[in-house]
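What follows is a group of structures, each given as structure tokens.
Shared between the two complexes below is subunit A, which pairs with subunit B and subunit C, respectively.
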Partner chain A sequence: MTLSFILNGEDVSARVRSVDRLSDLLREHFGLLGLQSDCRGGRCGRCLIMLGGRLVPSCILPAFRIRGMEVVTIEGFSQTDEYQDIVAGFKSAGVETCGFCDSAKILATATLLERRTRPTNAEILEQLSVAPCRCTDPETLVHGVQAAAERRARRLYHRAR
Partner chain B sequence: MRRREKPDENRPITTGDLTVEGMIHAATVRSPVARGSVRSIEFPRLPTGYRGILPEDIPGANTMTCFGASIPVLAHDSLSYAGEPVALITGPDPVLLEELAAATKVLCEAEEALFSWESFSSEQVAAKRVAVLGDPDLAFSIAETVLEDDYTSKALEHYYSEPQGAAASYDYDKMAVWCATQWPYHVRDSVALVLGCKQEEVSVRPTRLGVHLDGKLWYPSLLACHAALASFVCGRPVKLMLTREEDFLYTPKRARSSVNVRTALGRGGDLAGLDLRIAINVGAYPLLAEEMLGQAVFAATCVYACPNLRVEAYAVLTNHPPMGPFGGLGASHSFFALETHLNRLASLKGEDPMDWKSRNVLHKGQTILTGEPLKDEVPYAAIAEKLAAMSDYRRKYACYELVRKRRGGRGEGPLRGIGFSFAYQGSGPFLSGEDSNAYTVEAVLDKDLHAWLRTSAAVGSDGVLGIWRRRAAKILGLPLEAISVVPPLTDNVPNSGPSTLSRNVTVVNRLVGRACEAIQKRRFRDPLPLTAKSVYRVPRPILWEEGRVRGSPFDTAAWAAAAVELELDPWTFEPRPIGVWMCLDGGEIVQSERAAAAVRIGAFDALGACMRERVDPTERLGHREEYFRYGLEPLDELPPISVAFLEPGRRAAVKGIGELPFNTIPAAFLSALSQAGGAPFTSLPVAAAEIIRATETP
Partner chain C sequence: MLVSEIHYPQDILELLELMKTLPEALIYAGGTEILREQGGRGIVLPPEVICIHELSELRKASLSERYLDVGAAVTLAEVLELAGSALPSLFGDTVRGIGTPALRNLATLGGNLAARDRFMDTWPALSCLDALVEIKDSWGSTWINVNRLSDEAGRPAFPSGGVITRIRIPLERVDVSAVRKVGGRDYPGPETAVFALAARADKGILASFRLAFAGRTALRLQEIESHITGRSLPLSERERRSFGEEYRAAAADLPENLASQFAVLVDGALDLLAR
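Let's turn to the complex of A and B:
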């Protein structure tokens, strides 16, 4: 079947089979390698995307389910100001990741900051548990998200003025 | 080849992202039995473009050697574990390949498999280490107190950043191999042996390693052999990528261990005799077995002064998949058992474990297992004092001990406890001599005053690269931007050995320094470019002869102590850590924030191993249900962790500290649990049901 949807702000279409997973479609058809598909069971969080503004694991989602919906991957999100806030916040706090879970952590932070402008430590850690990885130092990560929240709030304040 | 827009030496491509023009995939056909031999392999009807590969297709040797042990690349005559690779299928669609591999009939002559390992027969012993000092039998016969316990630890999944995988393709006259490995030159030599070609005809191009916890030491070489064989047979680029589930079920895990500790106390309550029997289940193949035993024996005997000791350590073969290192090569098994035991011993004598250990710790000049005097003072007093101040350990221990003694019934009063543990991490050479090569790092200063460091040492994070670059920049007097580390392709860099035992920050870092110093000496005499090599010759191995041990157990040692405070949920008896404190003597700390973050990450992993993570092998190493149950500890359930470093001496060297959380936290956790529950616990991880059962027993 041919499927049309919005991918990173652009109208796209692709031919898919009923058995195709969304993660495979995004990686193989569209070459979006920022997400990975390690566990194929929605557990490792490496394949997280934003679907209609919500964080979902794309490896357990059948590709045909996204007909007409808006999908944002890390590649698309990296073009936004929010991405710059998060990356700068992480950098200033010294957040170091293994390079495999970066995209999941950034997208998880983005959806959290969309909901809560000043998240608590517990909210941050709960949200970032969606991408379990042995590289994570929660203390630095909390500082990173708080710094990102600060930058985001400052940017939105200046824009509003 | 599809690559990132800006190639970054620090962040090479991942194996999963790698694609090569015309690339097909490979899937593994596995043994259905744990022990026996293959009678026949019947592939299903394979579509066009798909092909089965059998052991007879191997042009060279059907074997891979590593640390004195050899394992078949595709097993046939002797199957050693369920899930062992016996054949490969190649084709363009990885999903169809999985189905074809599952539909392949492997007919076997099954034999009775060996799964018992805590009690074992002599034919299961793959390696043995025995060391005796003084007269332990006499010490036990006249001892005032003798205490004996068995301690067991379960297997653990490495849960590395990316599942294992490899890709291979002919690049003109060379076989190019991509995989995430801790040891690129081992991959090269293994592939050359399997293809029957010269080592120079294989080029290894390491992909992004990420967090590995020593799980990518030798297994990537096996997968690289499979990918290279498939590429050789099919004449096309081939990628073999394991799924997370496949990786969980069939790749090496942390070895299980059982340690029997018997201690004898003299009249003053000090350690008079120590008798340990260590059994490490290494699974189907004894890779690194001698090394693990050596590390375990020294860990058990190089911290506390004991005039009479006997240690027997066995590597036990079973028909489980191979098991081995996990964030260290075996020392953590001994530290866990010994430290938990000594904490219990002190508690039974009515003494604070911190004080008891202070009286019994080794001092400079005292004789260690090798018969040599200890060269440096063990920084116990400074570490323990700082840790006690950070954690308020002494007051808390006394309070919780009082509560424990006065507790009337199960669940009465606050169920809290605090545990303490002290350990070291040795860095540098292998003790077993199984790795006797000379390892090299090369530095080049070019005409543009840019320095290039060439080493095959694999790094999991950017932190280590930063340490090397800083050191080179300091010696050469150049800005940090003028120092680059060459991507570790085996064509471009010399062999710097396996990246384990914190060698990257000890041995390789030292070699970087020496090579840069050699350049600096010639810099204003000779014209640029200048090249200098620095070679590390592995010292003589430890000799084990009839109970006597000779040699030096470690190059450098970092020391640490940990305190873990926890409470039990009064309704469910689930342990909930309240706080973890660690104090370390890690020598020169190059970047203290990064070092503290690395220790905290290790501490979280170690806590996970104490609480949630467990693989309980029965006939297989793991089951599908276990795979779905297994997971890392959620971040929001972890306690705060405080890390402090001792001020280094003026001439302190950089030391490895990454293994210290695994060496200290499990014992501290279990001791805290024993105090909170009011019953001794001897195995990790502990389920709430076990705690309830133990506290029911008077």
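Let's turn to the complex of A and C:
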């Protein structure tokens, strides 16, 4: 079947079969190598994408399930101001994520800040549990997300004025 | 590798028509339960798949003073967001305990109830809250108590030819509630289960007491519950011990590790009422 959807802001289409995982389609057909398809069970967080603005594991999503929907990967998200807020916020708080989890933690932070402009520590830790990597201690991560939230709020305030 | 035919019905009528002509078809919404254990490169699905996540009738939710009505294809994350603090804490805690936030953005409430070979996380809590499910088939729609998704032997008993369209969760006051997953870290493995308890007291009397335990089989012992309900609080030591023994006897057929953990949780629940 031919599947049409929006990928990183562009209308795209691809021929897919029912056996195709979305993570494989994105990597192999569209060359988006910022996501991995390691555990194939939705556990490791390396395949996370935004689907309709929500964070989901693309390795347990069949490609046919995203017909007409909007997909944003780390490659698309890295072109946004929100991405810059998060990267700068993480850096200022001393968050040094590893190659294993950085895109997952950035996308998880982005979708959290979209819903909650000032998330609590518990909400931050719950949200970042989608990327179960121990490269950074939880306290530093919380500070990183709070710093990103500050930068985002400041930018939105200046834009509104 | 088998390539399946994917069908996208536009409304419930078309879905029911497809289910009639393709009785073996897999109904697919969030799909987390179906794919979570498939570690291979390709996805293995039956020859016919009916994709229902786009059906607007299954994506609605409404909140009134007495009920939360949730469409079967509403995701678990959306349930938490829609109901907020109105959600009974027993059910909210149950949903928050399922997977990660990302998984809850895919998994649907209907899918969690529709697993055919075991009971998933939400059944015990919904059973304790006396939730109803709407089943639609080609004959029409029926509301049934969620307990009727279990047969007399406690095995999952999903009405054939039907599809869950809505779940109605009563928003009654609950004074004491608890939910626990037991059986190790490989949930939902064969020897894992979920325990749920909901109790309400009025003027020193236990006005309602509901306790459910479900994994591969479900336990909801309404006869014992009716013996406990109406007792004065706190329960006496004799009552506590006698109800504990009744529950232990009823759980004798469970695998040994589940039976022992069930006994500990029942004792804990009865201890709360004896204080």
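In this text, the second predicted complex is superposed on the first by the 161 of 161 C-alpha atoms of A that agree within 3 Å, B and C clash if a C-alpha of one lies under 4 Å from a C-alpha of the other, contacts with A are read in each partner's own complex, and residues count from 1 in each chain.
Here is the rule we use: contacts are C-beta pairs under 8 Å (C-beta built on N, C-alpha and C of every residue); 3 or more make two chains touch, one makes a residue touch a chain.
Predicted, not measured: the structure shown is a model, and the values here were computed from it.
In the superposition on chain A, A:12 makes contact with neither subunit B nor subunit C. Contacts of A:64 after superposition: subunit C is touched, whereas subunit B is not reached.
Looking at the shared chain after the overlay, A:45 reaches subunit C, while subunit B stays out of its contact range.
By the touch criterion stated above, A:129 is placed in contact with subunit B and with subunit C alike. Legend: residue contacts after superposition of the two complexes on their common chain; A:1 is shown touching subunit C, with no touch to subunit B.
In the superposed pair of complexes, A:99 makes contact with subunit B only, with no contact to subunit C.
In the superposed model, A:54 lies in contact with subunit C only, and not with subunit B.
With the contact threshold set out at the top, residues 19, 39-41, 43, 126, 129 of subunit A are in contact with subunit B in one structure and with subunit C in the other. The touching residues of subunit A, when paired with subunit B in their complex, are 19, 31, 33, 36-41, 43-44, 94, 96, 98-101, 122, 125-126, 128-129, 132-141.
Those residues of subunit C that touch subunit A in the complex are listed here as 1-6, 8, 28, 31-32, 35-45, 49, 51, 53-54, 77, 81, 99-103, 105-106.
Residues 1, 17-21, 24, 39-43, 45, 48, 51, 54-57, 60-62, 64-65, 67-68, 108, 115, 126-127, 129-130 of subunit A are the ones touching subunit C in the complex. Here subunit B touches subunit A in the complex through residues 2, 11, 14, 16-17, 95, 159-163, 208, 210-211, 213, 243-245, 460-463, 593-594, 597-598, 600-601, 604-605, 628, 631-632, 634-636, 638, 640-641, going by the rule given at the top.
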